[in-house]
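Heads up, the thing below is written out as structure tokens.
Chain nomenclature is as follows: A, B, C and D, assigned in order of appearance, with residue numbering initiated at 1 for each chain independently.
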Amino acid sequence: MKKILALLLTCALAALLLYVVALLPPMGDADNPTNRHVVPRYLEQGEEEAGTRNIVAGVVLNYRGYDTMGEMAILSAALAGIFAVLGTGRKKVGNAFIDRSGVQFSFISRTAAVLLIPLIMLFSIYVIIYGTDSPGGGFQGGAAIGAGIMISTVAFGFNTAQNRLPHHVRMILEGTAISAFFLVGSAGAVGGGNFLTYMLPSLATQIQATFRTAMLLVLEFGIGITVGVICTSILFALLREEETYNVEHAG
Amino acid sequence: MESAQHFAIYAIVTPLFAAVLVPVITLWKKNWAMPLTGLALTISLILSALLVSPVRASGYLSYHLGSWDPPFGIEIRIDFLGVFMMVLISAVSLIVAIYSRRYIAPDPSREERTFFFFGEEMEEGKRPVYYSLFLVLSAAMLGFVATGDIFNMFVFFELMAICSYALVAIPGTRLPIRAAIKYMLMAVPAAMLALLAIGLLYSVTGTLNMADLAETIASSDYTQVITVSYVILVIGFAVKAAIFPLHVWLPDAHSKAPSSISALLSALIVKMGIFGIIRVTFSVYGAYFPSGLSWVTGVLMWAAAGAIIYGGIMAIRQKDFKLMIAYSTVMNIGYIVLGFGLADVTALVGGTYHIMAHAAAKACLFLCAGSIISRSGYQTIEHLRGASRKMPLTCAAFALASLSIVGIPPTAGFVSKWYLVSGSLNTGNALLGVVVLAGSVMAAVYCFRVVYYMFFLPPLNGAWQERTREAPISMVGPAWVLAAASLALGIFSSWILPPLREAIESLLLGI
Amino acid sequence: MVNEIYSVQPLVAILLPVISLLVALAVPGNYRRLKRMIHVIGSLAAFGMVLSLMPGILDGEVYGIELIAIVERISIHLTVDALGYYYGLVLAFLWLLATVYSLGYIKHKDDRYYSFMALCNSFLLGCAFSQNIFTYFIFYELMTLAAFPLIIHEETETARRAGIKYLKYAIPAGAVILFAILLHYFWGGGDLSLVSLGTLSMDTASKTILTVIFLAYFAGFGVKAAIVPLEGWVPDAHPAAPAPASALLSGVILKAGAFGIIRVVLNVFGLSLFHALNLWTYVVISASITIVLSSVRALTQDNLKRRLAYSSVGQVSYILLGIGLVSYHGILGGIMHLAHHALMKGCLFLCSGIILKKTGKTNISEMAGVGYQIPVTMICFSVCALAMMGTPLTVGFVSKWLLGSGALQVDKPIFIVVLLISALLSAAYYLPIIYAAFFKRPEKDNEDRPLLFEGEVSHTMLLPVLILAVLVILAGVWVTVPGFPYSLVSMVARGLFP
Amino acid sequence: MWNMPVDNINYAVAMILFCIGFYTLIMRSNLIKKIIGLMVMQVSVFFFLVSVGYLTGGAAPTIIPGVAPSPMVNPLPQAMILTAIVIAVSTTALFLSLALKFYSHYGTVDMDKVKEDKR
């Protein structure tokens, strides 16, 4: 019965959506409303207006920077939510951290990690710095940072990684992006523009562009650090829950 | 004035920034979390309150983020309805935050017995997390009502949603987890639907700014696509608003969450869904309203009637205290949606006024329930017999707020019901007026039953014997503020109603 | 539209009991006598404030004050015209006596009792002084809720059940009234005032709509006014409540419903429309049925207060009957009966309280020779009982006479028959009480000595009874003394029939 | 304005994916599978948005100095997706942590198995 009902519901939804699809403007057509209305300005004046050759980064950080701030808030909220559900790990459950996470202390993995991690970090920083002018940016770089830390976790075990990057340090770092947005935005508001304005009328024209680049870099780094740290924290939280469960049940 | 334009954005980002600061500061100063929260919320309350007069002076207030003029950048666009909601949100959040202090962290020095959620205490490490999520939630709601960009609206909607899932689950015990999962299983697909609708809308208009959308839509040939996107969007919001057939998640989530969060959920978050519906209907699809979309409003109208009756009956049948209040929320959502569904100025004034009336009264009910449960451990209505002997102030606040829920004059609930019924008479649906009044009779049954148990019956044998004492002032005070508000909003409604009516008229007829 | 003189006196009169209540709550708990005194002073002050309006009212002035608007264009507006003043005077006076009486009667939980007495008092004054039906409804609803703790004051199981039954009747009634008001607001062009002679008219609404509005009002207020299918709560609530509370219930609170119907008939519909739509038939028929039925059922009751309650059900319908026969004397008699019945029935209930206190007897069959133990009380009781039957030289006779002549004015003599039947029946259920009290041998106590006079109850309980009994006779003999019902009601009636 | 399905084949696929995800979500009682269905829905929406932004023969929206500007695809949907992906990731992470807690409470991730549970 439930099956039938679900099937019917799904079919109804599918019918509705496909009906709409048939009515949508042809995909990739140059004179779709999407390509005619707002976007041309982004593409034509994006470079000098937003100060980024990578238009996507320009849209993300400059035209629609406010969205990105909300997005960062969502990341932090998700982390806080995971802490809310799984606990912050202040409460030690027996000898919770018997290490069961992944391959540990095998010579090969350690060596590989030692070789890889610096490169990964370097690459991620490169991605972040050049995010405004080439494909890449804070998210990608941050994800790379997170990946590096995960590798180290696999190689050296959970406890080591956690001791390298303890809870309070992560707590401080995970707010970087929001703080960056708050400060940069306030700088805009103080400098005579609106919140999140980078071309400050109060500044001399020749340093305006420089200032804007600086602000964009600050944001990119803030995003990168936050993303990396939050990936790590989520990983650690999930691992810890697993440990706790093993301790409680396997004894 | 020059600086006034920044008020809106700072009302939104101050709690957000404070949310980042709270966990950091509590690493060293354990008990600074609540003062910081209170401070941030006070600031945003003051800023939102300062917005009222400029907004009233010039119909709406528009703020271009990054000084990109719309539709290229994101615009914050606050009309009177928006500022009304902003003040409501920041005020209620502040009150609940003050309540939370002793609710989640009972003072051991006074050996208070505490049965925080269902007999478990909150793990201490979670307290900063609680406040942090609380602040993000308030910021998200403020941003949601303030924004003038539909994708930005979605972002804040999701932000709000994530915080509410997490806060429902924060006890970490079995039932809250299940309630949160149930909640997510309904709300996340709904959000995806909303995103899909926004995508559809974008694909035929090429813009995301609401005002711009309204113009583009008015002259667009993709009529069916736009209508379908409206329907999908409304479904997406309706799940969040727990409109009758989609209310399934609500009773669990509201009754299993910690009471302070239940208050926030009932008073504000479900209203956000309704506000979203109202906002998109009038600010985006205004050209299609009401002629093109009358059937949608009709469906909503009857769904609302169903919600009133169903919610009332279920609330009467409940044995669990908080579950009863939760079902009462289902019912009151029905009132608000009815105001929208009737698509009539008077009725919509009633509905929007009921947003505020219900926020004050229902938050008060949940806070009182929280005090009683956390201090005595009793959760069934049976056990509330004679509660007034041990906790007179809490019970009195409960009684006062329930007057407003029932709609006894001159409380705020009466005013909104008055407008709803006269609106339903205006549109010639006398039957719906009868439904509204029948609803308030049912409300009288379930509210006054509890009040009667509290005040006029002796305690159940053995109950209320142990050293239960009145909740501390920081928990009774907020409840009383809300109760007094639900009375004052009824008596002094003439201060709020005229501008509200103007705003509704400009929404409903001005487009 | 009457031009009213701005005056804060009505507002002050309404606020005084509340103020006294707040003061009394501020007093620490161990000064119980002081608390009670404050309450008495509060009701006394309210009565005095009402009295102070008397001269102006007798000169035909109208006092009023407009307070804040709750919903737009409809404000809480207090106005004292002759009719409202008349009701306010009666209730403030009876309330004062009942409060004094309570000093000796109420023993436990007196804080709650007096507080809700004061609240009820001020809400009822608000009903009496309301300028529009909206204000009336607000105070009416608040009064309905505030009366609940008085009914269940004894906190016995029966009292609780009676209280719940009361709410079961009263709250849906409130919803019905609200619906009526909204229809009235919608079809009457938004004018809810109660000062003109009729705000509704045929040209704004159709015949059916007007009839529906009237029937909704009639049913809604009829619950309080105890019209027959809706009177079920009365015979339970009265015996359950403490004596002063039940005196007020039947003396004043039942009248709030009747007063609402009077207002609706005279000021909302206006006599002409009321007559033109044949609405009067509903009123008189239900009233007559109520009168006869309740008198018959009163015969079968053995519990004294229950019998009195049934008698009140009938007596309140006299008022409606008087309104229903649209004639000068009818309306005069009906509205005057409001006060007369308040005096008589108040006295009777207070007496029943004294009987209970002194002899512990509630059933009439046990009351053999009570008159020997508490002669003064029983004499007052007998006076009022005779007045109830309509014996000449008492108030009961005046109102019955006026009602009868009213029936003749519109030549409907059938209603005189109704009046006579009810008079006979009331004789049949009041005389046995008097007989048992005075002409049966008093019972013996365990030393086989007859129970005889050993001092009456405390003066605070005896005094109100005496005052009421004396007034029952005075107002029946010197009808036209200014300040007595006639002087006020005749103003109203002359206003209706110029 | 009925378009040939071939034009909007991406859209159609996205919608069908959406429905598949939806069906999985409501039919499976296993929590993890529900989450997978959810992710399918999310991805389908991203796919739809990215297709909306597509321009036939358009290059990536990055200006390379010294290269003549060619028509570029629409960057706005990409930015939206960037945001939406992060949102989806956060939601999924939270949901997974809830599922983990659920498992540690009940020892199963099957919703139907624990229907009756009154604290």
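Here is the rule we go by: a residue touches a chain if its C-beta (ideal position, glycine included) is under 8 Å from a C-beta of that chain, and two chains touch if they have at least 3 such contacts.
These numbers were taken from a predicted model, which means no experiment stands behind them.
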>> Looking only at C-beta pairs that count as contacts, which pair of chains has more of them, A-D or B-C?
In response: A-D
> For chain A and chain D, what's the span in angstrom between their mean Cα positions?
Replying inline: 17
> What whole-number Å value describes the gap between the mean CA coordinates of chain C and chain D?
Replying inline: 71
> Using the average of all C-alpha atoms in each chain as its centre, how far is it in Å between chain A and chain C?
Replying inline: 75
> Could you state the distance in Å from the CA-based centre of chain B to that of chain C?
Replying inline: 45
> Got the chain B residues that touch at least 2 other chains?
Replying inline: 151, 155, 158, 162, 165-166, 169, 172, 177, 180, 196, 202-203, 208, 222
>> Which positions in chain D are in touch with at least two other chains?
In response: 1, 18, 22, 52, 76-77, 83, 87, 90-91, 94, 98, 101
>> By the touch rule stated above, which residues of chain A touch at least two different other chains?
In response: 17, 20, 23-25, 34-35, 38-39, 42, 64, 67, 70-71, 74, 77-78, 81-82, 85-86
> Which chains touch, pair by pair?
Replying inline: A-B, A-D, B-C, B-D
> Once bound in the complex, which stretches of chain B touch chain A?
Replying inline: 5-6, 9-10, 13, 16-17, 19-21, 23-24, 27, 63-68, 71-74, 123-126, 129-130, 132-133, 136, 139-140, 143, 151-152, 155-156, 158-159, 162-163, 165-167, 169-170, 172, 177, 180, 196, 200, 202-208, 216, 220, 222, 224-225, 228-229
> What part of chain B is in contact with chain C in the complex they form?
Replying inline: 403, 408-410, 414-415, 418-419, 421-422, 425-426, 433-434, 437-438, 440-441, 444, 448, 452, 456-457, 490-494, 497-498, 501
> chain D touches which residues of chain B in the complex?
Replying inline: 118, 151, 155, 158, 161-162, 165-166, 169, 172-175, 177-178, 180-181, 184-185, 188-189, 191-192, 195-196, 199, 202-203, 208, 221-222
> Which residues, counting only chain D, touch chain B once they are in their complex?
Replying inline: 1, 18, 22, 25, 31, 34, 38, 41-42, 45, 48-49, 52, 76-77, 80, 83-84, 87, 90-91, 94-95, 98-99, 101-102, 105-106, 111, 114, 117, 119
> Touching chain B in the complex: which residues of chain C?
Replying inline: 68-72, 76, 137-138, 141-142, 145, 149, 152, 155, 160, 163-164, 167, 171-172, 175-176, 178-179, 182-183, 185-186
